[in-house]
Amino acid sequence: SFRTSSVQMAKSKFEYVRNFETDDTCLRNCYIVVRLDGRNFHKFAETHDFAKPNDDRALGLMTRSARSVMEELDDIVIAYGQSDEFSFVFKRSSNWFKRRASKLMTHVASQFSSSYVFFWKDHFADRPLLYPPGFDGRVVLYPSNQNLRDYLSWRQADCHINNLYNTVFWRLVQKGGLSTVQAEDRLKGTLAADKNEILFSEFDINYNNEPLVHRKGTALVWEKADETTTKQVRVLNEEKEVTVTKSRKRVSAHHCDLIGSRSGRSTPTS
Amino acid sequence: SFRTSSVQMAKSKFEYVRNFETDDTCLRNCYIVVRLDGRNFHKFAETHDFAKPNDDRALGLMTRSARSVMEELDDIVIAYGQSDEFSFVFKRSSNWFKRRASKLMTHVASQFSSSYVFFWKDHFADRPLLYPPGFDGRVVLYPSNQNLRDYLSWRQADCHINNLYNTVFWRLVQKGGLSTVQAEDRLKGTLAADKNEILFSEFDINYNNEPLVHRKGTALVWEKADETTTKQVRVLNEEKEVTVTKSRKRVSAHHCDLIGSRSGRSTPTS
Amino acid sequence: SFRTSSVQMAKSKFEYVRNFETDDTCLRNCYIVVRLDGRNFHKFAETHDFAKPNDDRALGLMTRSARSVMEELDDIVIAYGQSDEFSFVFKRSSNWFKRRASKLMTHVASQFSSSYVFFWKDHFADRPLLYPPGFDGRVVLYPSNQNLRDYLSWRQADCHINNLYNTVFWRLVQKGGLSTVQAEDRLKGTLAADKNEILFSEFDINYNNEPLVHRKGTALVWEKADETTTKQVRVLNEEKEVTVTKSRKRVSAHHCDLIGSRSGRSTPTS
Amino acid sequence: SFRTSSVQMAKSKFEYVRNFETDDTCLRNCYIVVRLDGRNFHKFAETHDFAKPNDDRALGLMTRSARSVMEELDDIVIAYGQSDEFSFVFKRSSNWFKRRASKLMTHVASQFSSSYVFFWKDHFADRPLLYPPGFDGRVVLYPSNQNLRDYLSWRQADCHINNLYNTVFWRLVQKGGLSTVQAEDRLKGTLAADKNEILFSEFDINYNNEPLVHRKGTALVWEKADETTTKQVRVLNEEKEVTVTKSRKRVSAHHCDLIGSRSGRSTPTS
């Protein structure tokens, strides 16, 4: 076993191994995006009987976990999620963890994952969590505002395309009596307009009336809100009630087009 | 809102943002080490009343979570943990996730963190988890066996040094009646031999008899074990009992010197 | 020795070593700056009797070599040089060599160095080159126009500070009769205003009248120029002289403030 | 223009741009290989009438330039070249330029290129250099001795394959009266044995008797050599001649199998 007296010396002798660590500082003045994706979530959804095409409990839990990330970690200005993925955008000037990519992405992945299990029971009251889920992450840098907007638009377009497909697909299976194979065949090669038409003519569904949270995903941003409270104070020996208003920042959720459709430059038109 | 028919086109227009992702493939033929560290665990330990200097429930939970990582993710050949940190060593030839550093470290961080919350109740039966903890991670590459051995020796020497210090420190506080400030003063400048002496002469403790798990930390490795089960089989219309022995790999825990003290080359001598 | 018939097989067996190459693609939508610096140019200048504080032959050769780089390699929009350094700015959208950092910087370093030797005799007619000089390079990325402007301003401010210092220093030595040690002492702690005053009161030199190439360095940009040539053509059996004007791009040199001093925002003014 | 007094301040204001530089330190305890390749050397060879299939003046100049790199830069233990490429191997423990990849590869590329032009006239006495050539470079890391050996074997196998092909191809064209297209057709699909047979039966050439420098390329290594000189010394008022032997390291060239063909394990044999 270690002879105590020689350990400190031994340790300093081994410490050279620290020099094998590499610097992975993110280029300055770029937006840092960390995106998480569920690992094997197809199986995870099956095992926990997620509703199809969208499970609102699961979406709520994703959002709750993302909120936990934003509240715990510094400098995230916007987060956007859909399905089993969530993207977190750090401000350009962030110096959190000295912009070290590994620290940023593992912290986000870790905080999100522990929150997902922690808050599970609040969203799936009657359904126990059967095993701990995993998420993988990556870091991507965007040098300009336009690049960042296009990134968010890309993820939101992905949300839309998948949700439209899944909405029709599961209607065909759940109400239309088709097998999953038949539904897949039916949708092969169809355009968005075709899918809208199937929904409308066969199931009397106007896709544009589907819930925004499913069609647009969820964006979390910091908002200032006035919080008014009443306090009892004693003035000149008299007990008085005083209202106090404080401005507080808090995370709020939105289900809308991330990039205004007005400007036109880089956004899907309505 | 999105006009469905234009979304696919819009998406492909935004897809250029994928090209901003960078390749972070780990150099081949190197050991890949992912190390996790608890975030603000000093506060976390306080909040959850961890015993000092070592909380066996907390150590057990760390080990349980590390085991979950090893069982879920491929190619980890050894894991070593102490205090609130755990290192995972992927084999040199691993091609898991194409050796992409970001995937490797976020997966480990995520699986570990969700497991920590998931298995909490098995280790802290009477104590609820108050908030989801975070862990950060990093990736380090080691080109040679010797480098890897030295890395493990470095972490284990760190375990030893911290544990010896903490053992004396908390004795002085808990049994010796010193304040934490006084204990710190008392230990300032002391060598390992001095600390051993304090333990022995003042508290009748032989440090070498302290639990191995505290002095050496925990190493997890894969071991083959024969598993023998009995099966009922029907042979020639007769019901028979047959014993079947299968060789199975499973993760087993060890609390010992990671690097044999014999070879001498790079290891603390006893 | 290799048996011919087995070489192809052998080669494919070794080819796995290619997988050890790493991808060093530069982040898109950023300016790519390659800066070269002379290696041991203090000694090189001594050996080749460069005039002090500035050798116009050497500055001319630097500029000639930089021009060769711009003409040979694609997508360089501006180059800026002073003393023994030169910076090359590739346009944000450049896809030259797939934006691979190693290719970009080695090409620039190579082309510059071979040009330096190749064109030496045009600038140092009477002085043979005694040994082949070396330059080292690096790549830096700048995400915004402002960052790039600040980079160029940084190098130009460096030019100014060094040139003012060197101008006074060598006056004191060459005309003032001070040793180099005495001149250094004399200038210790002086501000720019003090140096200007020494030049003016002791040597009757107004620093602002010193050559622009020394005070501002050299910027190379592409400019369109009309080139007019005359051609003989035969029209209706008659020989005629026709003037043909073509617009051609060519590299032109400027010695001016790179960034307008007024707003700090606009493009180079002369 | 800059007001002198404000330049220092301005410079410090711009200096933040240094933080955009990234750390590209090479992983420790790995061999660092820098490989250079001629840029557009097909055209360069045409323009300067290189002999085919091998121009010994050009090969000699490549080797001379590589020797210059080895002598100028530290820690290169072996260099291997063939055709228009050269690889330089830095020792595992090298800390030259703090192992910064960009510095290493640009220095090599620069020194090689300036040397190529500088020494041109020694190898192409009668032929002027018409324009400055370019070389690009890259850095690759190899963690083990075996990986490095396989890298060198890979390059040497490449040398062999190309040289055998080129030897036959140019024989067919130069002596066999075939056009280059016909020669290409003739060789399509042939194995090494076929090519050897063509050489032997049609041109009476035993490929194994071709010059080693063409078949094996050129390896440069450091060798210790005793250098004996005579000095006149004065002893007891008498003039005496003394022989002095010093051990000096110098670069020597070899044309042999880099890796013994027997075991594939040992060091270069001659």
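Order of writing sets the labels: A, B, C and D. Residues in every chain begin at 1.
The definition used in the following text is that a contact is a pair of C-beta atoms (placed from the backbone, for glycine too) under 8 Å apart; a residue touches a chain by one contact, two chains touch by 3 or more.
These numbers were taken from a predicted model, which means no experiment stands behind them.
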Over-half contact-pair match to A-D, picked out of the listed pairs B-C, C-D or A-C: B-C
Higher-contact pair (C-beta pairs counted), A-B versus B-C: A-B
Intercentroid distance (Cα basis), chain D paired with chain B, Å: 47
Averaged-CA centre spacing for the pair chain B and chain A, given as whole angstrom: 28
Centroid distance [mean C-alpha coordinates] between chain C and chain B, Å: 52
Of all residues in chain B, the ones touching two or more other chains: 20, 22, 27-29, 141-142, 147
Chain A to chain B touching residues, read off their complex: 1-8, 10-11, 13-18, 20-22, 24, 36, 39, 68, 72, 97, 101-103, 105-107, 109-119, 129, 131-142, 147, 150-151, 153-154, 157-158, 160-161, 164, 191-193, 195-196, 207-208, 215, 257, 261, 266-270
For the chain A and chain D complex, residues of the former touching the latter: 19-20, 22-23, 25, 27-29
Contact footprint of chain B on chain D as seen in their complex: 27-30, 141-144, 147
